[in-house]
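You will see chain A twice below: alongside chain B first, and alongside chain C after that.
Entry: the complex of A and B
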């Protein structure tokens, strides 16, 4: 791996399996939360758990943790656009 | 002089990520529709959501997370030049995809058997919020299922290339991009699962 463009970070099997176990426990937690219905809070709780799970998938399975600045900024931009269009729609829907 | 064909690893991956962002925006639009209709018909959505099969949803979540693990491990395997493992791991991923779709078939058959499908008499005569819920459910989950099908096909093509030796430790961006697509399918399900199966 001397050539610059072929120098990649190799994520070990062990680390991937740890992430998988983390994802499975978060899935268990989200099902548990839904069964022990704790009011409107569980909507935000479930979404928060989903966000943590996707963070794990993006960082480790999709190697974003090991990518350069360009891809990270693009990801941030894409997420910001999603946040803007969801946020602005709700400014309209909720205060109509 | 005989030059090796030009390869732009960073460019290929950037292109894949840009495509994934468009997919993200596509599904975000559907989630946005879900959220706005949930705020308009909270009671109907809750009533409809109670009828969802949480067992199928949970099982499919576990299957997709596992398939994502196998796809990520396949990328590690090819970097370590373990070609046999790559093929086994990709085979496992595709098997998970097939199992997922079989579960989807059983789940949808049960729902359609109960008279729940877009335009069914039961939904047409029920409250409008419930038919909106099921229409969004069928289009979101259906589109996701299509992505599962496409992803599995893509990974099968990559597996053939690995077997032939055209994708190898020195040039594996096709496998990496296929795996990225597969992880996106998993990511979208991570949000579909709580929204449609759990929170209502």
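Entry: the complex of A and C
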């Protein structure tokens, strides 16, 4: 059996703090969007910010940036499945 | 060196210890399998008691033994126990654990400690569910589906019950991850994908559903708690929420969950039928493939529970169509089983009787499912006793009877002793008869318009309800005979050899009861799972 050797990557404190600050400012942005009337941009803006935030968390805090290909595929698979599930509810929500 | 091979010690007395800790902290897949077996089967018996009480209440119109509030709590707890504590964890946890690693020629699952942790999560979740019955506002009364808005408002102890189910969900996910990895990585030499026993195929498909669908249940349950504890308003239209969205979320998990129940059951049947028909399975590839097809397509049909919820007509069309699509792989299996029987030399022993009745009862359940899958007919029978009859045919007549078949087929292997055949057949006859009297009457009552989840009904429904309740007693008598016979046999019955049924899969090639490491050396597989001639069994 072959073993994919993934060296244990250690993320520096500096980087982690930077990511954390980034997340905090994005949270601030979400609050700002919520308090200002930006029309439909309200929903899409918040969703976009949420996506960036979860991307940061997955990449750095959950180490996905440093993991092997197999795990990335699994992440993609899980995301695809969630997208399909959510997508199917739109057969309902969009046509009510 | 000519050393005498000592017979390897069986997993029952390998550690030399016999106390409870040698079980609840064991990482041996066989011990964990038996832990799951006893705990899930114990809850099955609890559920049966509650079901019998429900039937006694419905024996005659008006109040018989309980009022409406108690009835609501009783059917809720009956449903929660049967679904989340028995049938979902039961088949993968008990027989998946006991049999699957041996069938692929492995010493254990890929992550034995994770396996033990799964059982502990199950046990902890079960304790939390039980605690919810006696604390706070008392047992939940929402039905096992926890629909909002009622579940967000009722004063009963929904939060704790939901937390328990949440924890059990994690147990299911971890079992799924473990089994997928095991089947990918730990197959013995020569155990190609085309030689996997069909039970393994079905456990494999099930494991994927467990991994991918169960997180959605977790999220849904967390949202109920957010609603109850924080008043989030997610499902409250007055505050921009959407109550129908709850039903989507719930069924995105809970429909695939019925495949977690039925797929392993189908796997048992696919393994039992060739052995007792003395013929290789017909259409091996199609059965294996249809398990995957059911798992995939079955994940996209959840909307068929929601035709009357106010969901859009477009969605009804899409979900109705897809529901009919899943019927195809299920029918493929039924045809293949029947073709396997054709011209076989059938021996009607207990495992086979349960397997054959599975085919009939599951077919009735599946075909009535099409009546519910077509929106035009479902609108009329939605939330009636027709539905109650239908899902008992699938979950009890299907998954339950397959569980009994597996008990008679595989437990002797692990105990080294066997039940008596005649009482087993008598028990089966009682159960089969009682079952049909009990649930067929329910379906007829539903067609006549009797709604589900009420403790009372119109007088015109009285005669059939009495018949149904009598059926439940016949079924109960059968269950008792089966239990007494089976357990008396397992502990004090006649010893059995390594291959009492003449099976060709790997579990029958090792000593009975299996040694701790299953195989003294890694087996090399040279023939298919139903190749009786090459396996050297007559």
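Operating definition for what follows: the second predicted complex is superposed on the first by the 87 of 96 C-alpha atoms of A that agree within 3 Å, B and C clash if a C-alpha of one lies under 4 Å from a C-alpha of the other, contacts with A are read in each partner's own complex, and residues count from 1 in each chain.
Following the convention adopted for this analysis, a contact is a pair of C-beta atoms (placed from the backbone, for glycine too) under 8 Å apart; a residue touches a chain by one contact, two chains touch by 3 or more.
These figures come from a predicted structure and were not determined experimentally.
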| item | value |
| --- | --- |
| Of chain C and chain B, partner touching more chain A residues | B |
| Which superposed partner A:42 touches (first chain B, second chain C, both, neither) | first |
| Contacts of A:81 with chain B and chain C, given as first, second, both or neither | both |
| First, second, both or neither for A:95, with chain B first and chain C second | second |
| Interface residues of chain A shared between complexes with chain B and chain C | 78, 81, 85, 89, 93-94 |
| Contact footprint of chain A on chain C as seen in their complex | 185, 212, 216, 242, 244-245, 248, 252, 299-300, 303, 310-315, 318-319 |
| Complex contacts: residues of chain A adjacent to chain B | 5-6, 8, 10-13, 16-17, 19-20, 23-24, 27, 30-31, 33-34, 42-43, 46-47, 49-50, 53-54, 57-58, 60-63, 70-71, 74-75, 78, 81-82, 85-86, 89-90, 93-94 |
| Chain C contact footprint on chain A (complex, rising order) | 1, 78, 81, 84-85, 88-89, 91-96 |
| Of chain B, residues touching chain A in the complex | 7-10, 13-14, 17-18, 21, 24-25, 28, 31-32, 35-36, 39-40, 54, 58, 61-62, 65-66, 68-69, 71-73, 75-76, 79-80, 170, 176, 179-180, 183, 186-187, 190-191, 193-194, 197-199 |
